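The structures come next, written out as structure tokens.
In the two complexes that follow, chain A is the common piece, with chain B as its partner first and chain C second.
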Partner chain A sequence: MTMTIYVNQQPLPCPMNTLLADVPALLQLPAQHLAFAVNHTIVHRQQWADFALNHGDQLDAFTLVAGG
Partner chain B sequence: MLCIAEQTFTSRLFTGTGKFSSPAVMQQTIEASGSELVTLAMKRINLHQHRDPTVDHLQQLDIRLLPNTAGAKDAADAVYAAQLGRELLGTHWVKLEVHPDQRYLLPDPIETLKAAEQLVALGFVVLPYCSADPVLCKRLEEVGCAAVMPLAAPIGSNRGLLTREFLQIIAEQATVPVVVDAGIGKPSEAMAVMEMGIDAVLVNSAIASARQPVTMARAFAQAVATGRMAFESGLGPVHRHALPSSPDADFLEHL
Partner chain C sequence: MSNVPDAPQQWYSRYSRHFLLENFDETHQQRLQQSHLTVIGMGGLGTTAAQHLAASGAGTLSLVDADTVCISNLPRQLLYSEADIGRPKVFAAREHLQANNPGCIIETHVGQASSCELPGLCGPTDAILDCTDNIQTRLALSRYARSAGLPLFSAAAAGYSAQVIAFNPAPGHCCYGCLYGLNAIAPQHCLSHGVLGPVVASAALFQALQVLYFVTRLAPVSWGSLYRFDARTLQWLNHQLPVNLHCEVCQS
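Moving on, here comes the complex of A and B:
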């Protein structure tokens, strides 16, 4: 069974019962370089392993880039 | 030695990470600058783009990384961005930037002050990029900012010290460190503000856009150190008329 979550408004198919901690691997990005908000609420890194995602959840995913 | 929020800095030159031709050049340049406080931005990831390797290079350096809130158009955006920065870097330090106008990127003073007050209450060490307005800088200080960062000229413009007179007033009045941020285009301009008693400068574009960024970083580092040395030495007074530096100017008149 799969579901769809939206990462920065882009659809991302994933297995049911996906945890937020699973998302970095789905994105093929290192977890330490990511910050997430789920449905517009920031979820602390320490909570990712317990944070179950639901079909249709809206994730905002951020990373660091060069800047002044 | 410069101290911000109980953190001491040997170098009074802070740098940014934008506009370098490559992450490797950025890393070499920051090393050459001697900077110990370096800014970063944040953005939303794109699922179809490769990740930015900037952080990998920065983590090889012994520096404090300072996330900024660039992109924030109001106080709410800035508070949200600061919290994301804390998640990403594990730091409660933030360079607060609120600039809704994209042409000149001038900071919104009202939203900056509102955001600063909220972020201080949330436990952040707030370093606000702001207008060179002495009254605003006092207000930012009063709400608990750890430093103030008035602009010399619009971000990235390299136009130099357009706000020189106001920076002088801010330097005289501030009881928190003053970091001139944005617009400095030449090492001589960095030296000039250091001579007037500004505590530090943040330079990104002038270094990153130089033909030789690594040597330009060294030039800025020397200029900042020299300017500070001059300030600490106490500049001589300025007079409208000549004052002789030899004791007896008329000793030849009776020959």
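Moving on, here comes the complex of A and C:
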């Protein structure tokens, strides 16, 4: 069984019961320096391993900056 | 140049475009005039934010920066001119800000915003603007703002990205430590990845607008909302940052 989530507005098919911690590998991106918001709320890295995604979830994957 | 308040008629003329705004009256302008705001960092962010706050009628600005003006600042730090090269930024800034609005009191401090100096630098302030370019100072500001009960308006920019977030110092709200704890800050700054003036200015203008809303109470501040600007797509996005229960700044 698969479902579709949306990462930065792009559809991403993935298995049912995909966890947020699985998404960097699905995107073929290193998890380092990556933040996720799910349905407009940021999810802290410590919660990724327990955060189950649902069909249709809107994810934003991004990095932060600190320059001025 | 010293502080010279406007005569009443000139005061109304100067801010006449504010008074034409819906829901903006003399009370809002007076709140701004009574405000004391501290700007930490007078680079691309701090110069833009300070220009708009001083010109809009902020009563007192405290400016903190250790640097002198150099030519590579000029494409994005429009407050300075070639004649300022070599001068401490805060002194040049004071001169130019007061040339625009002599009614604004400008206090200056040449130096770093180190943890031990923050109480003296931010003493009577109503809000702190984090316009710095390094994480350690941002974390120190967050710790101080939380302990002193001061709101912290944080902006950042590098490459084609800008971000702005306002932190409420009350318990139960997130802080810069919660943002830092995402471990998502890319190892880049304007020295390594470059930056465009309008990208930095976009963050600073958004930051200044939030401060104006906070001081005047014209509109609510979206505490803990991270606003991100991607200059390549020209899109602003915002996400809510929850408290990080493992945060070493606000949960310790």
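For the reader, a short list of remarks on this structure follows.
Here is the rule we use: the second predicted complex is superposed on the first by the 63 of 68 C-alpha atoms of A that agree within 3 Å, B and C clash if a C-alpha of one lies under 4 Å from a C-alpha of the other, contacts with A are read in each partner's own complex, and residues count from 1 in each chain.
Heads up, the rule we're going with is that contacts are C-beta pairs under 8 Å (C-beta built on N, C-alpha and C of every residue); 3 or more make two chains touch, one makes a residue touch a chain.
What you see is a predicted model; the values in this text were computed from it and never measured.
Of the two partner chains, chain B is the only one that A:Leu29 touches; chain C does not reach it.
By the touch criterion stated above, A:Val65 is placed in contact with chain B and with chain C alike.
In the overlay built on the shared chain, the residue A:Gln10 is in contact with chain B alone; chain C does not reach it. When the two complexes are overlaid on their common chain A, residue A:Thr41 makes contact with chain C while staying clear of chain B. Counting the residues of chain A touched by each of chain B and chain C gives the higher count for B. Shared contact residues of chain A, touching chain B in one structure and chain C in the other: 33-35, 37, 42, 44-45, 60, 62-68. Of all residues in chain B, those touching chain A in their complex are 16-20, 23, 26, 39-48, 51-52, 54-55, 67-68, 70, 80, 83-84, 87-89, 155-156, 182, 202, 204-205. Against chain C, the residues of chain A that register as touching in their complex are 32-35, 37, 40-42, 44-46, 60, 62-68.
Only residues 41, 43-46, 131-135, 138, 155-159, 161-163, 178-179, 181-190, 193, 195, 200, 226, 228, 237-242, 244-246 of chain C touch chain A when the two sit together in their complex. Chain contact summary for the complex, chain A toward chain B: residues 7-8, 10, 12, 27, 29-30, 33-37, 42, 44-45, 60-68.
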